[in-house]
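Below are two complexes that have chain A in common, paired first with chain B and then with chain C.
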Partner chain A sequence: MVTDTPLLSVSDLYVSFPTPRGVVHALNGVSLEVHAGKLVGVIGETGCGKSVTARSVLGILRPPGRIDSGSIRFQGEELLEMSERALAKVRGAQIGFIPQDPIAALDPILRIEDQFANVLRAHRPISRKRCRDLARVALERAGIAGPDRVLRGYAHQLSGGMAQRVVIAIATILDPTLVIADEPTTGLDVTIQRQILDLIAQRFRTEKRTLLLVTHDLGVVAEYCDEIFVMYAGKVVESGAVQRVFGRPSHPYTRLLIESVELRRFDTGEERPSGLLDLVNYARGCPYASRCPLADDRSRSEAPEIRELDGRMVACHHAEEVLAGAAPRS
Partner chain B sequence: MAAVSGMRERIRPGFSRPRLPRKAGFLVGSGFIVALLAISYFVPTPYPPNATDANQTFVPPGAAHWLGTDNIGRDVLSRVMAAARTDLPLAILGTAAALAIGIPLGLVASTRSRAAGLIMRCLDMLQAFPLLILAIVLVALAGSNIYNIIPAIALIGGPTCIRLVRSAALSIRESRFAEASYAMGSTTSEVMRRHILPNVAPNIVAQASLIVAGGLIVVSALSFLGIGIKPPTASWGAMLSDGRDAALIGYWWVAVIPGVLIFLAVLSFNLIADGIEGALHGD
Partner chain C sequence: MPLLEADRVTKTFLREGHARIHALNGVSVSVEPGEAVGVVGESGSGKSTLGRLIIGTHRPDSGAILFRGEDLGRLDAKQLRKVRGEISIVFQEPHAAFDPRWTVGSIVGEPLLIHRPDMSGRQRRERVIQALRSVTLDESMYDRYPRSLSTGQAQRVGIARATVTDPKLIVLDEPTSSLDLSIRAQILRLLARLQKALGVSYLLISHDIRSVRVTTQRTVVMYLGQIMESGPTDTILSAPRHPYTQMLLDSETTIHPRAQRRVPAPLGEIPSPTQLPTGCFFYSRCPLRIDACAAAPVALRTIAPGHEVACIRVDATARGAVGTPESRIAVPADAAATSAVS
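== the complex of A and B ==
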């Protein structure tokens, strides 16, 4: 493990959403560390809490979501104890945000240059002309050829790929150390996805920026990230260097994810567990037990602690078996 | 709203009715209001509006008096022009007051604060009253001062304005762009000022036009009852009231002309609001 203090460390974070049908336990003790200069992927299925984790860091949990306990430290400072005013200074300036669905992330009735100005002015007094100059440079670096035309235009005049470039330019205009991207390529077609990810990865590597990339696309993480956190039912089940985790997964869920991409096992007609996770009636034991081919009585009664094994972290009683490849790879 | 009516027409084609295209309605409505204001402010009245003439009572519309004269020989055309200079500014000022109260309170009411709950409960309470009657009672109690009509209009228009701004602000707050702006360091009030208000503005303009229409009705109702605007100051409502007995014995013009003007002006403001709504929903 890396020993220097992480840029962002989330520890033991619990987030729940009280709803009329019961309390949804979205995060159940998520811990993750992001080190400076790394591109880090967070992966998992719908409802596993990957977006909620990102949103908690940014302080944009949708109501009625609330953080029950845990800590989020950025550059050693506890974000959960900061005042709104202090947080507003950190957001944007030190932590950038690339949301999903870029066209919806731009205000439909403001010119693009005004949206740059809004972000810049939220942080420091700055002249209109200076805003435009900064925006022009940022757009050029995001690979937009005619920045002036884009700046005068509106969101609806942009293609999805252009809009995402604009959003990336806005997210990085204040030179943040950490950028959180929440499914930045959903809604874009595949060739554009690749261009956007290439852009992000290349720029972030040369600018030594840190990226926390939330995605459900395993291929994206495998190709672009250094480290990975696999989440399931509001917990991190396995984490570590991408080559190590993907090369030899030690959690049955990670293994399932990889198989589903590599081997297209879903096409063989075999039964696979599906459907959304039930996060209201949160089980006592291992959250994955109900789907896991290796689950036994211990899995169902005792939640596995996350532990170090073979150079990565994993939360499974049977990790050694998975690592050895002994278990049925059905 | 537009989508619903469109759907109904598709399902039951027999019940669809031909209607004026909204754009045309908007042009007609705004054209009428602009003409009304221009004529009353920039064209001199043919006679002094309050000048009486005992020899010229109940003169029918004709060459000397285009719209006739009333029971004490005052020129009806001059009086309706002068009345427009009283009634329309009052309705517009009342609307301005309604917006000045409604927009900030609506924004506050869209937050998850104690104040928001309080505002909404107060609105619920107000809803129990027939607001027009409440306004009439308030002006009557406060004394027959012309400016007491302005808060009365604000009382009637304010609540709808608060609800409109609140509901629009709630939906815009949940939008991805408001969220992204917040995540990039804007404070709640900056998000309101830079994203929510500009996005609600067209709806507010449409609503304002409706409040002006309602305000005009309040002004007319009050002056019809002899509250607020004192004679001999000309007002459409008061003219309608003065002329209603004469209308029964054949002198129709004294009452009908201000009545038609109230109707057309209120209709125009409604057409303007309808046109803006139509443009917002793309039809």
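== the complex of A and C ==
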């Protein structure tokens, strides 16, 4: 077990979205730790809360989302208690963000070089010329040949892959310690996805940057990450080293995801009804019980605590059974 | 006789009065009765345009779409309507494809109103319920509205609608792209099961080369409006011979990663469809390219029964089946790009 202080530590985070139809409890006690220099994946299906977790850390929850309780510590400092001004310094400068849709993330009416300048000059008193020089280098390091043409152009002139390279260059230009990427290659073709992820992983490894990668794609986590957090219904249900968790899952939901991606199993149970989770009922049992083939009375009445088992963390009363049933893979 | 045949079809679009986009550049595909054919490729490959030509929302500039040997372009309105009842489509975004004010029953039953006007209301209802059951939705769905359905349920409604008239061919346009992982697996299995049960033919259009594995018998790989490779799905997935197919497969991530990727990371991006290359369309991104590749167009050649490849370097791509260590492809030094992170 790692004993040093985590770079990022989210604990017992509750986030809800009050809507006219009721309160959507998006996060129901999420805890995760990210250690410096690691590439960490957060995985789960639509509505599991993986993006909400990322956005909470970045302080960019979409309205009407609100953090009800919990703690988000970055480099030992509590972000939820920081002043707006102090937070603004942390975000951007120390925590970079790579969003899903790069073309939408870029400003459509600003030249790319001005978007670099805006980010740089918000944090450093430097000249426009110096901005351009830094931007040029950043684009080259993001694999863009001929950066000057890109700098003079606009977002809509870029392909999806090129736009994501630009976004990566902007997200890292202030040399952040931590970068949060929310589905950075969703919507890109697989050959472009590979280029982008190779770029991120190689650069982050050499620059000793830390990555929190939110994705629905297990393969992406397996190929590029060291550690994984599997989320379901606003909770972390399993976490640990990627090879350990994917090699031998101990939560039935992790197992389901693996079997689905390999198209080995198809009777995957009904989807969780979208939208409203009743917090009262929710608190009583395991959130996965309604889909789980192993669920019993205990699962339906008592929410499993996250616990250590076989060198990873898991929240399931039946984790031993799942682990025993999973043939270890070499 | 093939059920469906696209014969050397070309299709161009004019982009806002600017350049002409060459979406399809002489594509021939056939689908036999009861056969499921996958069409895979990335954005700009022309696969969706091909689907639109087949369901008749676009017409080819040249070449022909033949259904049971009859050129769809030469049929009169009445004949065309009859054919339309035999070709149906499942869309990528089920919710977007439905009118939110219609019930599930009327969504699924609508094709019957058009193509089976002889049916009574009761017969229609029975047929709709039967179609819903075949996609494992029960009768209670009949009066529900699309908004109350999960994405997986909505896609099953879309499939029920596509099967309700007993079509001979179903065009599936990215049917699982908007679905979560576990639901994707369900839908793919449902499609495979329905195909066997109904004896219907599929043309499955997908950017996800893995999704053709469980649902199709034959796979066509497209790039820039041309076919790069076609053959039995097993062969395409386990022993592809076109460098593009190999690159596509190698770029797919897996949860049990290989220590090293077999082919180097892909070069660049797909060229603009407004200015087609003169030689091999894949030249600009190919790790195996030689000067001769750029010199003249490359035609599909049969390298084994039912297996066609458009590549003059096909000898260099045969290094045993992909997945075995000897399958690593020799790469010219200038093309050696980034390798994967271990």
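Here is the rule we go by: the second predicted complex is superposed on the first by the 306 of 330 C-alpha atoms of A that agree within 3 Å, B and C clash if a C-alpha of one lies under 4 Å from a C-alpha of the other, contacts with A are read in each partner's own complex, and residues count from 1 in each chain.
As a working rule, contacts are C-beta pairs under 8 Å (C-beta built on N, C-alpha and C of every residue); 3 or more make two chains touch, one makes a residue touch a chain.
Predicted model, so just to flag it, every value in this text is computed and none were measured.
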Combined model on chain A where chain B meets chain C, clash or fit: fit
Three-chain overlay, vertex chain A: chain B-chain C angle, C-alpha, nearest 10 degrees: 80
Partner chain(s) touched by A:Thr191 [first = chain B, second = chain C, both, neither]: second
First (chain B), second (chain C), both or neither touched by A:Asp217: second
Partner chain in contact with A:Gln157 - chain B first, chain C second, else both or neither: neither
Touched partner set for A:Thr5, first chain B, second chain C, both or neither: neither
Touched partner set for A:Glu84, first chain B, second chain C, both or neither: first
Touching partner for A:Ser301 - first (chain B), second (chain C), both, neither: neither
Which of chain B and chain C A:Leu58 touches, first, second, both or neither: first
Partner chain in contact with A:Ala104 - chain B first, chain C second, else both or neither: first
Per-residue touch tally on chain A - higher for chain B or for chain C: C
Nearest Cα pair across chain B and chain C, whole Å: 11
Interface residues of chain A shared between complexes with chain B and chain C: none
Chain A - residues contacting chain B, complex: 58-60, 62-63, 84-85, 88-93, 96-97, 99-101, 104-110, 118-119, 122-123, 167, 170-171, 174
Interface residues, chain C side, partner chain A - complex: 42-43, 150-153, 180-186, 188-189, 207, 209-210, 213-214, 247-248, 251-257, 265-266, 269-270, 285, 338-341
Complex contact set, residues of chain B against chain A: 112, 174-188, 190, 194-195, 198-199
Complex contact set, residues of chain A against chain C: 45-46, 159, 161-162, 189-195, 198-199, 201-202, 205, 216-224, 246-247, 256-263, 265-271, 273-274, 329
